[in-house]
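So that you can tell them apart, the chains are marked A, B and C in the order they are listed, and the count of residues begins at 1 in each.
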Amino acid sequence: MSQSTAHSPSLAQAEGLAQKSLAADPDRLLPADPGTRAIARDLLARVEDLPIISPHGHVEASMLELDTPFPDPATLLVTPDHYVTRLIHASGVPLERLRMGGTAVVEPRETWREFAKAWPLFDGTASGYWMRDSFEHVFGLTREVNAENADALFDELDAKLKSPAFRPRQLFKDFKIEVLATTDDPLDDLASHAAIASDPTFAGRVLPTFRPDAYIKFAAAGWAGRVQQLIETAGDGLDGYAGYIRAMENRRQYFVEHGAVSSDHGARTAQTLRLDESAATALFDKARRGEATAQDADVFEAHMMYQMARMAVSDGLVMTIHPGVFRNHHTDSFNKFGADTGHDIPFAVSYTEALRPMLEDFGTAPGFHFIPFTIDETVFSREIAPLAGFYPSVFIGAPWWFLDAPDAMLRFRSAVTETAGFSRSSGFIDDTRAFCSIPARHNTSRRIEASFLARVVAERRVSEARAHDIIVDIVDAAPRRAFKL
Amino acid sequence: MSQSTAHSPSLAQAEGLAQKSLAADPDRLLPADPGTRAIARDLLARVEDLPIISPHGHVEASMLELDTPFPDPATLLVTPDHYVTRLIHASGVPLERLRMGGTAVVEPRETWREFAKAWPLFDGTASGYWMRDSFEHVFGLTREVNAENADALFDELDAKLKSPAFRPRQLFKDFKIEVLATTDDPLDDLASHAAIASDPTFAGRVLPTFRPDAYIKFAAAGWAGRVQQLIETAGDGLDGYAGYIRAMENRRQYFVEHGAVSSDHGARTAQTLRLDESAATALFDKARRGEATAQDADVFEAHMMYQMARMAVSDGLVMTIHPGVFRNHHTDSFNKFGADTGHDIPFAVSYTEALRPMLEDFGTAPGFHFIPFTIDETVFSREIAPLAGFYPSVFIGAPWWFLDAPDAMLRFRSAVTETAGFSRSSGFIDDTRAFCSIPARHNTSRRIEASFLARVVAERRVSEARAHDIIVDIVDAAPRRAFKL
Amino acid sequence: MSQSTAHSPSLAQAEGLAQKSLAADPDRLLPADPGTRAIARDLLARVEDLPIISPHGHVEASMLELDTPFPDPATLLVTPDHYVTRLIHASGVPLERLRMGGTAVVEPRETWREFAKAWPLFDGTASGYWMRDSFEHVFGLTREVNAENADALFDELDAKLKSPAFRPRQLFKDFKIEVLATTDDPLDDLASHAAIASDPTFAGRVLPTFRPDAYIKFAAAGWAGRVQQLIETAGDGLDGYAGYIRAMENRRQYFVEHGAVSSDHGARTAQTLRLDESAATALFDKARRGEATAQDADVFEAHMMYQMARMAVSDGLVMTIHPGVFRNHHTDSFNKFGADTGHDIPFAVSYTEALRPMLEDFGTAPGFHFIPFTIDETVFSREIAPLAGFYPSVFIGAPWWFLDAPDAMLRFRSAVTETAGFSRSSGFIDDTRAFCSIPARHNTSRRIEASFLARVVAERRVSEARAHDIIVDIVDAAPRRAFKL
């Protein structure tokens, strides 16, 4: 037994920690092997306190402009987070009880109770890590989340959220965020971004991102009206397809002038295509007449991905794509609760042939940066790492959405590093609208990068000295390099 | 050197175990890292002796009804187990020598000798683990399996198999099986199940499973005659497609009344489709005239998967599917030895779009349980976990067939947990006709669940207290919940 | 702290090694867990010094026949190695500066400087491991590679490469190469191979490999002329398709007589197809008229894969395929620098249905050996291991190209072993034209095989005694068995 104890540091440690929360454990998410863990600790120490660079996400600029106080805990932390609501829904709770899609059949406190009851479901999930970390490190909760504590926690959080210490600008500062990108409609006037930029009392950079999906996808609700408005607003008097392209160019330029560094595209697939102008015009006109088929929409979207790359070569915006998601899988839920309500489901995608028309023409264009994300893990080793290991324009998008979690991140590094090394990736992307989870997400990523590097150091593949440089490069230099910050 | 020994507990241990078999090692299949292993031991202790719940498998109910003595070791353990025969065949032994497909060109003892000679091929395979465990823990063998020992082992096993201690009912009790599901033809009268259920001397539950593949696949040998018989037997006097659907409903009901909790479907793909009645009738009639194409068969099968889900919503049977297998890949072997002879080979499948027609209509239907299995691992993180993390009806099928093995199980948990947590999976499925391997299979699964959980505990992602609850939930509550036991 | 140190051997070790290079570390690439590492060391010791068997690669036989001195370091180690040049290119260096495609806009020394500057990019990559190992163990470099050392290292290497100790034949002997296969054009007269075979002063076996891609792919540049020459040279006076098939058979026979053991095929996909003679003839004639479509080319290639298997059954050549690579992805680079310049990019492939026509007819043919390679990892567990676990003719191709790296090799063993055990794989393939990297590549493979086996021993899945046999079988017997050496 004494021998067994001697060889059981983790267990011994675990016993010592019986009263401590996981979030309080300085070794959380680090590898179990003691030697590897020691290396990981050392690597983590070099980056844990670096500022946060968030070049892609979904926080609203107006929230930071106006320093709007946050709402109650359920409305802040549960209802808008489809990572969280989806798993509660899977356990049998109707989305109405989570006040989704503007429903208000129950009070926020009732929604919070549902969350507290469902909390054990989140063990082992990415959302679970982030929330646990935020509860402890952002909100300073000391009680466990459970059905019994639900009301007390709601009240404690609610009180904190009403205090000045929990206003967005204060948290932005406390979180040490240096850059935060938002995601914006091409016709957004970016007034909030301008106000923030010219506000001497606010030190951080809040950058817009050009997201034209709803102007490109024929099937998007309101496409025709939106396109009409785009052409009228920014088409330089041109009409039809020519005005549409011109307006896209002009609005991208407007975004550049307001600090944007990237455009973002949720295309259905990774397909790119170079149509000649007459073919593109014909498709565009067909769609405006309401006659386009689903295949027409795919072809036009592929063509517009090519066009976006062409524009990027000249205006310098970094181009990010994240294809391969079946949006709004459950129509009934979509009709009742709207988009982004937890039933966007990935499917298999391919990049090698799909991206070729675009990479043929722009893959080696000076200054062009293209970042493919995926939630189909199979393409990491097969397609994306090989592409990024040749084309100077291609940077490997960090694990995203369902893959933005410890094990998936470790699989990602294992899949891409042996082909493309450590220099070709985008850096961490939090992609979140959950502002309060931002530090937890970046911290998770830093711990996992330290864990992966610690393993390759422990396995004598990379020297400790180089690992020291590499982790700083991954965490800090990579996003600045990929996103031109 | 002393330092090296001090840091080499596994090796030290291994030396101490030199005389012990692997199956005797209490730490078999547990993680190598001493700290993690200690946690795994502790977790395993909480579930190792729980009763066996086997909600899907291929044991014959009549064997338990009649308590039929087992045949000789080759006929019991080698010939019917296509996991075993396939690898012997790959090494160059003709299937005739394994007495497959009713061939009897050699004596069982000769087949056993082939197995003993081939035994080293099974190192590292799932079948190897199970057989080694069964040999030691079920049959109490102490000698190594090898060509020299073959005859002696045959005789030793044969003698044991003739003894009362090795009759099916005694083993059922010794194995601590609480529930065992069989797989049955829709027209089976389920007399064996009824006899067992009404036998006060037999404590276990033996449940039928409704498996209508041969009545749905146009290309199944004898489809037309079988369908005719189905309609006549249970069609309530209706004819054609209407009688066919009615008969399916009636036979499902008959199964429910005899204790069935699930229907099982080996569809070619995961496709579901809602045809209107006239289209379905037309296809059905075309097939009865012998004119259906392969594509017609696929469309009708997709439609029937939709229909089975519809029926499940009303009769409550859990619906399990396991698509993506090319059956009888080698026609010559199929012609000589029949189906299930080792050349069913997986191919890529997709679920996200394929299941949508069915999930659109029934995905949130109260009480509906749908369990997709796969042997295409790529869908675990990409499709199945995301689906099960939203739809209350979808439970993630445990790793199945070629994936029912330690490393594959670990990859499975790593792939699904971060998206769907621990609450959305089906629980372990042994899916076996090899009755004597059942304890080894469940024990393997429990050891691997303990190993995965021990790692996330050691990496400080899940607390030890929660892991204690989770492992009991995974092993015991999950199959009861998913299969409504 | 003392406890933490006691459990941190890796870190302690790492500190002790601060002055040592990674390549000098006897534990390089071995697992971090001390117990597992000790087992791995022991396993590695059994195979580390075994002779090298290289049944597939791209070294030129004439180099060994003539014992040609190597050129300068850049021309030897950088310019021709597209693993190396691709990552330098991705970092922004034009391929001209690497003297690719016959360009000589800079001196070799300048190319070497680019390489030295880019060296940190290779941390964590397969190429990085091999080069570091070669620098230390083949060239005896003691200085680090970096921009400052670039010229000195160039001079040091250049001097060594001019010395007799670095002539190909001496290195062949020093590397302990027993068998080395080259890759050859079907019309090659194999004079170099004959000269080597009849040279009593050269002990190794240098075997040709029949690689007819350029005679099968309609779209290959110069296909028609090449085919005409093939028919005239070896068609026994027959013309057209009949002469073509006869010539293939004759040239295969010529290769067999010159020691060849295998044919190798870079088909676009894994598709096989049995066309009747008139259909094949029609396609062939269409292609000779320059009228074939891309689909015609695919069909004919699939047919020829079937034909190659048919010929293999009678002449005994082992058949290897490696489909699933989009060759020359970036046309502009191809036009300027030619093929094999770093932009061959993998895509998804499937084998189960594609190989069926061929396996139906030849899968159990006595003596037929078929080795599918892949760089789409998803097929390892899903398709290739299941196929090789049934068909005696199918051997699992070792991880190849982008997958020929430590983590990918570990994933490979994890993916295939539980289904097919350790006996069904091809043995390691270095597939390289970088002669000086051959020992490093084989050593890497041996270390990883030891690491994988050590883990399954440490996890008490395979006994240490069996692991001792298995590693020798994997490293030494497997390639001899699969390639009939």
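The rule is short, and it goes like this: contacts are C-beta pairs under 8 Å (C-beta built on N, C-alpha and C of every residue); 3 or more make two chains touch, one makes a residue touch a chain.
In this text the structure is predicted, and so the values were computed from the model without any measurement.
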Practice item. Same or different, please, for the subunit A to subunit C contact, judged on whether over half of the interface numbers appear on both copies. Key: different
Revision key, fill the gap. Superposing the Cα trace of subunit B on that of its twin subunit C calls for a rotation in degrees, to the nearest 5, of 120
Practice item. Return the distance between the CA-based centres of subunit A and subunit C, expressed in whole Å. Key: 38
Review point. Where does subunit C touch two or more other chains at once, residue-wise?
Key: 9, 31, 33-34, 348, 378
**Study point:** List of subunit A residues in touch with subunit B within their complex
**Key:** 4, 7-14, 22, 25, 27-34, 86-87, 89-92, 120-126, 128-129, 326, 329-333, 342-343, 345-348, 375-378, 402-403, 405-408, 411
Check your understanding: Within the complex, which stretch of subunit C touches subunit B?
Key -> 9, 31, 33-39, 42, 348, 350, 352-353, 356, 359-360, 363-364, 378, 381-383, 385-392, 394, 414-415, 417-424, 455-464, 466, 469-470
